[in-house]
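To start, I am sharing the structure in question, which I have written as structure tokens.
Letters A, B, C, D, E, F and G mark the chains in the order given here, with residues in each chain numbered from 1 onward.
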């Protein structure tokens, strides 16, 4: 669970996972043994989203003409 | 009809020939006299609309069963137009458009040169609007019927919209407002915008917008935004068109509209994934969404940390408590046992003391019982055994003596009775013969020796003679 | 014989002598010569006996009560 | 017989003797001459017994109280 | 019987003997000649028992109090 | 019975024995001849229990305080 | 039972065990003979849990600070 996240993870899913962790914590449905793991997982999710949000998306420029790669140079 | 009446009159009067001018003047006068103070509300369709020096010139017609049954020119002077246009929030220009039905208040005027005309004094837009509304409703019905109406709603807007295709008229303020708001706000600006410039009003508008929507879908964008920076109500009508709505509905990329208007929605708004009233609002929506997302992210993560730390702190607390209780209860237990043992010793002490005291008093009791019983025995013996016996002896002794006394007295009395001394004192005597009382003597009395005792003498005599009593 | 009685005379003997005299008198078997003597004798005996009884009584009372009289109120 | 009693006499024997005297008297088997003697005897016996009782009582008092008197105020 | 008691006598036996004496006396089955002896015997028994109690008490005080009382002021 | 206690004796058993002695005393079911012995026995039990308590307390103090003393205020 | 704890022990289990001991103590259901053992066991559990909490806290702090410190406060 503390493994790397799926790079295809969507924002929404990441946030959802994060909030799930919050709910678990709020409901105190987490035991101390798992706590650090969950926090780590939360950190990964946050970092993932942050990175995704802040990245300048050079790749996106490439991707942005995707279906028509050759057609339109945006 | 009135015109004909006038003509008839003049033709009847004389065969005078009038100049056209005179005729027209007469007509002018007649119409002025007849109609100058009368207004009429007229419904007609605009077949042509022209503006010249601020004045508006309309060609009106009326059709029945596809056939034109009436035509008339009408004009609206600059000042009247401005007044009414103001009242209608500047909508008047779009109402005065080819094809629109209008309800107008007119006065009939005749001008010697321009002929008969209707002077428009007021416009009631409801008929026009109603007509538009009718068309709009028909379009919506059609879209619904064709399953297009809700298509966009099925597309999910991504949490973060970073790549935006923008369709609008580059020179309009709405377009510019959108871009500046999107890229210069303080919340989130990391957007990529692909612009598609089109006209948004006029005859070309619909076609251009449709093309842009289709083109935009070729790009890897998160959303297509259509903006229009305000305009008249009638201009909006472009976005009520069926074709645009259909294109929007069929877009596989979510479309957000920001077609500036105040009240009425346009069909494009209704079929779009989302609509805002103004382009600025769309931009705001986009960056706020990002901001909210980031905020949610931050909040969630903060919560994770906060709760985790609270959880740990709470556990530590619980823990400290538990540890304290552990010590407390342990000490209690030991203290209690120490007390228990102390109590046991105390009770032992008391028990021993009580036992010994009770034995002591038992001893004392027994001893005093011994003493008392012994003394009682002695007292009893003293009071009963000895005294009673002594009394008995005393009594019996005295009795014995008394008895003896009585016996003695009896004897003494008997003695007294038998004692002859008293008889002798009285002169009696006792005589005996041979120691036998004379009375008892039965021997020969004669010559016997008789002893006689008197009180004073003992006389011895011989019996000489004896005479018997008879 | 009418002299003083033998002081050693026992009460019973005295009583007997007295009774004998009484019997003699009763049976009038008494010699007139002795009569006065006998009577006198009898009187002496009566007195003797009476005295004896009195003295005995007194003695007994003395034995039982005297030192008791004042001493113990039995 | 009216002499001093045998100091070895037991209380019970003395009491018996006393009782015997009572019986003698009751049966009137005693003559006047012996009467005072017997009473005297009885008195002696009674005194003897009384003395015996007194001395016994005294002895008992001595036994019971002496070391108690001052020692313990039971 | 009024001799010194057997030093091996048990307290209970002594007490029993004492009570037997009490019963004898209560039933008045004792004659005066033996009375003082019995009382004396009783007194001996009482003294014996008392002594026994005293010594026992002392012994117990030695066992219990010395190291107990002051030891711990819980 | 007054011999040294069985070193394998449990605290609870000792306490029970002690309380039994106390109860016997309270019910006065111990006779005087056995009293000192019982008290001695009780004293042995008390000492035993006390020692056990002391050693337990000490042991516990050792367990609880040593590494805590400087570390944390347990 | 006073042996070293199972290193695979979970925090919750340890806490539960600890609280059970505390409850036993509270209800005085531990006898003195077992007391030291139980306390020792409790101490082990306390240490175990504390260590676990400390390490978890540390781990969480590590997750939070390192790349955050310099990075950005979002």
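Note that in this section contacts are C-beta pairs under 8 Å (C-beta built on N, C-alpha and C of every residue); 3 or more make two chains touch, one makes a residue touch a chain.
Keep in mind that what you see is a predicted model, and the values were worked out from it rather than measured.
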item	value
Top chain pair, ranked by how many C-beta pairs fall in contact	A-B
Of all other chains, the one whose Cα centre sits farthest from subunit F	C
Same or different residue numbers at the subunit C/subunit D copy interface, by half rule	different
Where subunit A and subunit B are represented by their mean Cα positions, the distance between them in whole Å	39
Subunit B-subunit E separation of Cα centroids, rounded to whole Å	81
Distance from the mean Cα position of subunit F to that of subunit C, given in whole angstrom	100
Computed distance of Cα centres, subunit F from subunit D, in Å	67
Residues of subunit F touching at least two other chains	32, 35, 39, 46, 49, 53, 56, 60, 64, 74
Residues of subunit B touching at least two other chains	294, 298, 305, 308, 312, 315, 323, 330, 334, 337-338, 345, 348, 352, 356, 359, 364, 367, 370-371, 374, 378, 381, 387, 390, 393-394, 397, 401, 404
All pairs of touching chains, each written as two labels joined by a dash	A-B, A-G, B-C, B-D, B-E, B-F, B-G, C-D, D-E, E-F, F-G
Residues of subunit A that touch subunit B when the two form their complex	10-12, 14-15, 18-19, 21-22, 25-26, 28, 30, 32, 35, 38-39, 42-43, 45-46, 49-50, 52-54, 56-57, 60-61, 63-68, 71-72, 74
Touch list for subunit B against partner subunit E, complex	335, 338-339, 342, 345, 348-349, 352-353, 356, 359-360, 362-364, 366-367, 369-371, 373-374, 377-378, 380-381
Partner subunit D, residues of subunit B touching it in the complex	364, 367-368, 370-371, 374-375, 378, 381-382, 385-387, 389-390, 392-394, 396-397, 400-401, 404
Contact set on subunit B toward subunit F in their complex	323-324, 327, 330, 334, 337-338, 340-341, 344-345, 347-348, 351-352, 354-356, 358-359
Contacting residues of subunit A [partner subunit G, same complex]	31-33, 35-36, 39-40, 43, 47, 50
